[in-house]
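Chain naming follows the written order as A, B, C, D, E and F, and within any one chain the residues start at number 1.
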């Protein structure tokens, strides 16, 4: 896997520090303080216990370094790599107390983000024979959006908008108040900056025909059957990006993709992706 | 459901504000700004789309109020309530732009935390005929621990320690360095304050016998079969709290509980609980 | 002026609090504390001293309310309004100490943002007979970007991208490394989400021809003369948004606009806009 | 230029991080991520494009280092130096992505602060033949006061108070409520700590005579003509610092200074100083 | 007691919130959550248990209001009031859980700041027959300086500088490096703004004579005996503020004051003032 | 002294940065900026001026390093060491300005925390012949709890709970509302996690008998005489930890300890411990 974006380092630093504060609290790791001598050193490996896709190494590394900059963290795999059980993804060496104190925060990031990447990859694999790309939504876990969207890319997916502010997505309520899809698109075109794209959500082919006539950049075809989607793609005729959403599962995604859409968006890959099991094994030295 | 803890209000406020910043970014909800007049008002309902257990109303309410204090949020159900599809959990009235701008953040909290509560309740239901209680772990999503642990209670579960600092949990590495389980427990007893409990993790009955002789407050029986657990409970003989962990699933949890343990801890209920589907339906007024 | 965006309230709150901390320091307004009795009340008016365009009322109001929520702030004009000297934009009533303590922070925001709006309006007025719109750049004052971009809209301008993350802008260095404008655009298309627009900066008509063949959403025509711009607009032929930049002044902007471009971007309206003189006159009551 | 103060490093760090977050947002520099390989390196120069005075090198350096500590930043000029077009002020070498990602934030600080220094130096030069010193006011851009006051010193100016809390400045409202200038000064003397100076603003010579009799440390002569100022300086007779304010421009400042005042304060040098044009030229290596 | 300064409200809010987070942690007041029903109400009184001087009501009130804005807090005494044992300083009514949850933070502020005020008042009382005023130093507890300096005023004392940045205090090291007291004062005069006072610390009368010739605003007479101080006051002859420091105790302070100095500074009143015992008595209603 | 806990590094960093901002303000150390050349270097020693126990070296070191990472700080003693007047605890070398700028913040932490350790050690010494241990309370100075509790350990004491959330402490109000001590303990047992200890405060032996029958982990014997305490210890009979509180002074503590209690808690060691006098002596080099 290559061509991944770079997570802004201050986002990583802020999130990792907040997580460490959450875990170390006011008194720190009292178990290690009580039982592990100050000077004790350890080596450790982080390894996959289940198959999946790796994501989040930068956050894991940062967790240990924030506890103690003396911990050496050597990644042996890269974000986006497919993992088999037993695959070692990173080796650590340093003060034993710091490795133990940073372990849970590092793994909590790594297991969740790898879970997101793994779920994404599973959908991506089902549509590899089509032109469709899998993308995420704004249905992310609060505080973790930038990292989850990064993990989606690690899984081979693409990103939908990052927030309410970087693209227009017109839904039924907006259309109702604006007085029609044409009026809504025109209002958005007038309001938004020239580098902002405009997408319109439609539920029916009639809505789609009305929308497409107004020149949106993309249309969101919500909860349509594969047959409806196929017809919708024909209606669109390449004049806008065709995005399908709703009822996207491992079972349904191939048929959706085969309908000819450009993008398939899934909330499941971020809000419900099961954690990927990775563990840390320590050797005291 | 009653007797839930109160989430400290500043934790709620901080988390909600961070999530809103993440979603509204630098330019806010540009779609609504473009298409919804400033003065437009709306009513809305938040309703369950799937069966489950409710958790997180305070965060959802706060999300709308932080966007605009003029939004009225009336909860019609309480955290911990069992929900059937279609059950309305809250009614809203206020500025249309604010309701639309707060929607996703409110739902992201509510769906995730209700998902945690629902997963917990599922395990709890399987062990209702036993003395065992279901509890969480430190395998939580970074930044969301206090809320997830609250959701576990909404689901009828109990809380394990909140961090590395509020209880001692001695694992194999600590024992190895300390030079034996007895030495480790003695060191912890000498180090920790008198209101800190000490738990020891054991993998075998031999380890358990050695540990129990040293008077820990609790023992964590990791990855034991129901038969081993039953024997372990006998060895403990009520001298310590017996907690089982490892391989806890909907299928296995009843057998684990029937072995007579006091607590069963599950990381799955926090790190992998699927989101509960709740939605917001708006009526422009 | 209507149809302005809504500044996210937490951005306003954070910026105002930071500014108040900067001004009130550790000991507060020691002059008023020494000379104005605790219970003294005052009324005040904020009025323009020079002609211009108003922007930033929400920040001014917030400044007084953060000092003391008992201050009543009544806007008598709206953001985007043209002001003549003497025009009153807001009336205040409340504790005298609070009005005096909040005055400078409120005015610092109001005068700067109204200055940005005024500068923008001046450019906008010069191109009113054309199809060109005036927009801003990322050349903003650190920490004030969201507010300055809002002020640009108050002045009748439009917004360019808000940061490095919400649109692609390919410049010469990117092209050089990527190995050509076509490769760069293709790489961006593959990398960026489907709701992200792609703009390419070109300095010559040859570059423009090469770029336009690759289908960018917009082209930035940098430092071209009106004649070159006119020719460039012909080359583009409506296939991309045409944005002109470089050497944009009150004197040059009409000729640039008359060349037929869609957008004219100016850093001057944010980084060098002179403050608009507004003052606060207090009457002790 | 020498003898400049040292900007507290945490003020620099906080401001730079906030500016980077503002610019890099949630997704970082997507253009460079798409087109510049991870390992690509570059050199760059920051150079003046217009004549002026340099200020803000520490902020520019910090911007690059916060993005990636591997960027080497070598200042070739010092804050306070006079610059001619083409003068290189710093050379950079490091990861290409980091140099491009930090460029705008670094320049936004550098161009604004150099603009402040340049405006200050222009006034300073006009009064070099007198005893008067140019100083700033509290009319600064929100969040940037400490840096702008530093830039004023780079331009050869001096600093007025930093906030409402570090010196007393009694104005007409304070006098009216206190019941006279004498009462106001006495109240301030009694209230303020012994290391706090007291200045009184006066508009007329009568007010001045009354004020000076009460022993203030300084008097602010507001909006007086050069002739009035000259007379005022005579009335003061060295018993207080004489500060002139109001209508201070490049055209008027010499006459004001020649009236014999000690200080001339200008809001223009901070709130309306045009940005100094500096640019960054990159060479990919 | 009257004429106290107003603590900036955001300083109060920030400090109280940080203290509440420190006390309520991740899980809140688990004892009250377990034993006090959600709807239970209570009244309470805060009363002095020992004689002293009150300081910090605003922080105490804020503590309860931050926990739950439904708590009514009615101050029955004012900051600066002398208290006898049993004196009630505030009455509360509201949700029982909130009163219990806020109690310790409110009292921790109130007891410490009242302790500072009480210690100050004790010194002030010993010098009431002289012209000397008692003031504080920068020897304050980290994070509490603004509040402690406020409490010093509640006790009848005055404030020395608030930080390194709001007044110049030249000590022996500065003089040594600068090359003499005259050079140091001249350098400070040239460097500091015109509203910054300059104080010089001297240990001997010879140093004093040298210093006073250079026109400092104040001199700090460190560790001199009453006789030396008397002679020093004569040397100064009203040309500078005379401040005594070092070995200031309840036993020595009168003699120091009688030597004729203007100010006597004490670190003890902030860094070592014993807590004043105030308690909260709750009645469940 | 050994076996001290490790203060979480981000708690140290946050507290030190806040204290530096408090002291350096907006303009930094203007005295040193004016009189000490940028390049000047110095050495310094921190030494005790009074006998006591050392605590807080990590905070002192951090203070200098945050000002300038070029300062070398070499501890020559360790936290928990007993100090005689003149004992050097740390040696510094580095930029003179940085050493002077960091001095006061470093000493404010060191003197206060060493004061806490010294007060603790004094109590500890009086009970060395008994089984009793000295512990702290929640009566700490706002914002400094984690550091003060660390200092208590440096003095040989032990820690009570860190906040309202990590242990249950049932007092009279809780019992009154719950309807009896048994109900309250049962409610707490049902509510609290299995790793949370439960303590009950009692004032009389009757209350104690009732409480002890309900199986609390600890009992707080408040304000009992040594004779009552002795009888209470007999009643408890080893079934719970016996903690004494109230009227604990250097004079009374031995008698309290001799009554046979396990723990003696003192608020005085944190809220009223006099500062330990340590000073910094600089040599310019």
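As a working rule, a contact is a pair of C-beta atoms (placed from the backbone, for glycine too) under 8 Å apart; a residue touches a chain by one contact, two chains touch by 3 or more.
If you're wondering where the values come from, they're calculated on a predicted model, not measured in any experiment.
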{"item": "Each chain counted as touching chain A and chain F at once", "value": "B, C, D, E"}
{"item": "Centroid comparison with chain A (C-alpha atoms), farthest chain", "value": "E"}
{"item": "Rounded Å distance between chain D and chain F, as computed from the means of their C-alpha atoms", "value": "44"}
{"item": "Chain centre separation (chain A, chain B; CA means) in Å", "value": "22"}
{"item": "Approximate Å spacing (C-alpha centroids) for the pair chain D, chain E", "value": "33"}
{"item": "In chain C, residues with contacts to at least two other chains", "value": "5, 22, 24-30, 33, 145-146, 159, 162-163, 165-166, 190-191, 196"}
{"item": "Contact graph of the chains (line, ring, star, complete, other)", "value": "complete"}
{"item": "Contact footprint of chain B on chain C as seen in their complex", "value": "5-11, 145-146, 149, 159, 162-163"}
{"item": "In the complex, chain B residues that touch chain D", "value": "22, 25-26"}
{"item": "Of chain D, residues touching chain A in the complex", "value": "17, 20-21, 24-30, 33, 38, 66-68, 97"}
{"item": "Residue numbers on chain C that touch chain D, as the complex places them", "value": "15-16, 18-19, 22-37, 40, 42, 96, 100-101, 104-105, 107-109, 111-112, 115, 138-146, 162-166, 168-171, 173-178, 184, 187-188, 190-192, 196, 267-268, 271-272, 274-275, 282, 284"}
{"item": "Contact footprint of chain F on chain B as seen in their complex", "value": "3, 5, 133, 135, 158-162, 165-167, 190-191, 193-197, 199, 217-218, 241, 243, 262-263"}
